[in-house]
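Note that the chains take the letters A, B, C and D in the order they are written out, and that residue 1 is the start of every chain.
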Amino acid sequence: MLDKNAIAKRIAREVKDGMYVNLGIGIPTLVANYIPKGINVELQSENGILGMGPFPFEGEEDPDLINAGKQTVTLLPGSSIFDSAMSFGMIRAQKVDLTILGAMEVSENGDIANWKIPGKMVKGMGGAMDLVASAKNIIVAMQHVNKAGESKLLPKCSLPITGLRCIKRIVTELAVVDVLPQGGFKLIERAPGVSVEEIIKATAGKLLVEGDIPEMVID
Amino acid sequence: MINKTVKSAEEAIKDLHDGMTIALGGFGLCGIPENCIAALVKKGVKNLTCISNNAGVDDFGLGLLLQGKQIKKMISSYVGENAEFERQMLSGELIVDLIPQGTLATRLMAAGYGMPAIFTPAGVGTEVAEGKEVRRFKYNGVEKDYLMEYAFEPDFAIVKAWKGDAAGNLVFRLTARNFSPLVAMSGKITVAEVEQMVEPGELQADQIHVPGIYVHRIFQGQKYEKRIEQRTVRKKM
Amino acid sequence: MLDKNAIAKRIAREVKDGMYVNLGIGIPTLVANYIPKGINVELQSENGILGMGPFPFEGEEDPDLINAGKQTVTLLPGSSIFDSAMSFGMIRAQKVDLTILGAMEVSENGDIANWKIPGKMVKGMGGAMDLVASAKNIIVAMQHVNKAGESKLLPKCSLPITGLRCIKRIVTELAVVDVLPQGGFKLIERAPGVSVEEIIKATAGKLLVEGDIPEMVID
Amino acid sequence: MINKTVKSAEEAIKDLHDGMTIALGGFGLCGIPENCIAALVKKGVKNLTCISNNAGVDDFGLGLLLQGKQIKKMISSYVGENAEFERQMLSGELIVDLIPQGTLATRLMAAGYGMPAIFTPAGVGTEVAEGKEVRRFKYNGVEKDYLMEYAFEPDFAIVKAWKGDAAGNLVFRLTARNFSPLVAMSGKITVAEVEQMVEPGELQADQIHVPGIYVHRIFQGQKYEKRIEQRTVRKKM
């Protein structure tokens, strides 16, 4: 069973040289810490940064330099700043290669719900609807089950959806699961020490398990 | 040169009335028009419809207008930082129209670019698409559905820039740019407050983010708190 | 009968304080020379200038600074430079208050033709179609008759049109003529020494002549 | 940082083939990609469709490609400066699609902004509107007709910038900007030649006109003639 950092570490292995990557709030933000040396990527933040760097050293925070999570950040050499229309312009134009974001639910046809719990939580979708509607490659980082112990990998989303048929891969504390083009989840990797049975039990949607399922390589 | 300077925030919003629609620049608390918001609070104008990506926090930014119940309706993409906002929304006091962030940005840009409508795939198949025209296009080799979304045409647009001149030209600093150039281009009347007013000619002509033609009134803000919402740092090793 | 400079001078009187003005190639360009002192205007050039200044002094030409007529120009304090999409964005958004351009023909319902003579001249419309489709106020500067002696103020354009029902006022070497909202030309002013009869003769479209027609004031 | 540098114009266009559609920056002879045009001439690639506001003059700019009959079709707004162009067009050797200048600019921008189509009133009621969808919108208080125009999606986009860095970031000087940022954003492959290549970090991040994400290949041009088309001056008094 993985902790948040291990999930981020596993996802970091999906990041390839030359990619522009948008990282959502939460676990996805942690991915930046684990991108292997020698892999050149640029992080896009949808409030208007390309080439985002790490958090500033104490005392060097600049109120005019934040990321989409409103956190103070820094810029790397070769970075650029632009307005929100251009930011979502490049997202819609599919210039951003990979989007990593959190989710409340993912359905077996790749629908995602992550912006609203009717009558309860209504923070808004932020840029998530734009990202999932356009990104070529989307990876979801989330817990396999919610706090009530219910699976978040469902036959159909129960919450208001953020985007249709857009999720390709899900990384949880238990497994790496793909969404098949024809619908249905497919088990790709197990977390160290987690059995296939545990994963099947935690997955409400249809889960294809083919052959031997390898254990994740994390480091 | 056409001189757009006014003396103060109060003068800049003197004809901003109850019931108007206003767009405001800023992302979170970054780049918000602090002086104009203070003037709106002081003026006590009510029943506003506010187009702004966020709604501030409880005691800063648009949160100050929410406290005074000056806002009737918010059009935003993300409002997660504000308890009073959530309370007013869940109780039905406040009408809230949540729309995707890119849609918000592009609908503002559309106004400034004279485009009555734009197409975006954001929100297709979701409750955001309800009642909207859907159209299928091929773009970048892929055929998919797009929503037709209309330009925002707010009565007032209010932004904060880093530097500006009497011609109304604006320059923004780092990510304090965010929605502000788009907001600035969208207003029937656009008000810009700036941290630094400079002499015409001091801003390099080819480094201006918003040309003065979009700005109707400009003034230097009295003071800026520039509050940080999420102070995140790393330790020096 | 006015020469080109006098036509430009007369049009300059239409330019009011606080206006953003786009000047077309030819006579319209000359208008800039006659804008009265004390009237603050900014000239827009659709290749991406606001606050365009006069031609440079000899030896100070900059190949990177031209107007829409490809002429070397200068910038005034408070000017700005932008790309062509923003330039036509502000034109479509009707931020430019007044457009002055040349024409081959204007019809009595305000249609204009100025971009093509089929089989003969096809330079293209440049920005003219955008300008006439959007500008709130358009003044045409042109000769009343063409080189063959035929009227250019017609019941209907014979050449391919540039825009429909868009021209409000025409200034020629003979007269100032308005296009009435309901259609038809209306004589507003005569050039010094030109009779109403001469103008009627040179106007093929329906021309309303009401009461005494004053002589133009040019200086 | 993702490094986009290539050695030369030749390398930058190595996979630009016969029959491709290419968009080129520049207005008249101002801001044209001189080194890439020279490389296209040298390469002798044929049957090109060129999207460019103008077509150069007889012996410079795109005129050089016209001389070599490398262009099958031109999509432009104004081509009045080129006798060879006019000859090829009137004789039918060259297909010419003349479109309004703002439409050209906005269709290029649409590609870079992921908008499959845009609306413009330019050309309504003219031969430009033939076969196009017309739609009525209310904007700025006025109801009128708009044409729906599609995004350009050229195989290659080629621009010249003033300064650039290895990340592909571009800055343009004065009116040499013109169509170039829009062209740069439109390409399936975008090539930028720059007058000055600078170190990453030297360009101020908030003063970049085209972020490097839009640029696939960048190199420093060998030399620039920067010819002036209409040298107009006034005398010192």
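By our rule, a residue touches a chain if its C-beta (ideal position, glycine included) is under 8 Å from a C-beta of that chain, and two chains touch if they have at least 3 such contacts.
Bear in mind that the values here come from a model prediction, so they are computed numbers and not experimental data.
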Path length in the contact graph (chain A to chain C, fewest steps)
2
What is the chain whose Cα centre is as far as it gets from that of chain B?
C
State, to the nearest whole Å, the distance from the C-alpha centre of chain B to the C-alpha centre of chain D.
32
Rounded to the nearest whole Å, what is the centre-to-centre distance of chain C and chain D, using the mean of the C-alpha atoms as each centre?
28
Approximately how many whole Å separate the CA-defined centres of chain A and chain D?
36
Where in chain A do residues touch two or more of the other chains?
75, 81-82, 85, 88-89, 91-94, 134
Out of chain D, which residues touch more than one other chain, so two or more?
106, 113-115, 120, 140, 173-174, 177, 205-206
Which category does the touching pattern between chains fall into here: line, ring, star, complete, or other?
other
Complete list of chain pairs which touch one another
A-B, A-D, B-C, B-D, C-D
What residues on chain B touch chain A, complex-wise?
27-31, 53, 76-81, 86, 89-90, 96, 98-106, 108-109, 120-128, 140, 162, 173-182, 209, 226-236
Inside the complex, what are the residues of chain A that reach chain D?
18, 20, 40-42, 44, 50-51, 75-82, 85-86, 88-96, 134
Within their complex, chain A touches chain B through residues 45-49, 54-73, 75, 81-85, 87-89, 91-94, 115-116, 119, 122-130, 133-134, 160-164
Would you tell me which residues of chain D are touching chain B in their complex?
106, 113-120, 137-140, 146, 151, 153, 172-174, 177, 205-207
Report the residues of chain D in contact with chain A in the complex, numbered from low to high.
1-3, 111-115, 165-167, 169, 185, 199-201, 203, 205-206, 208, 211-214
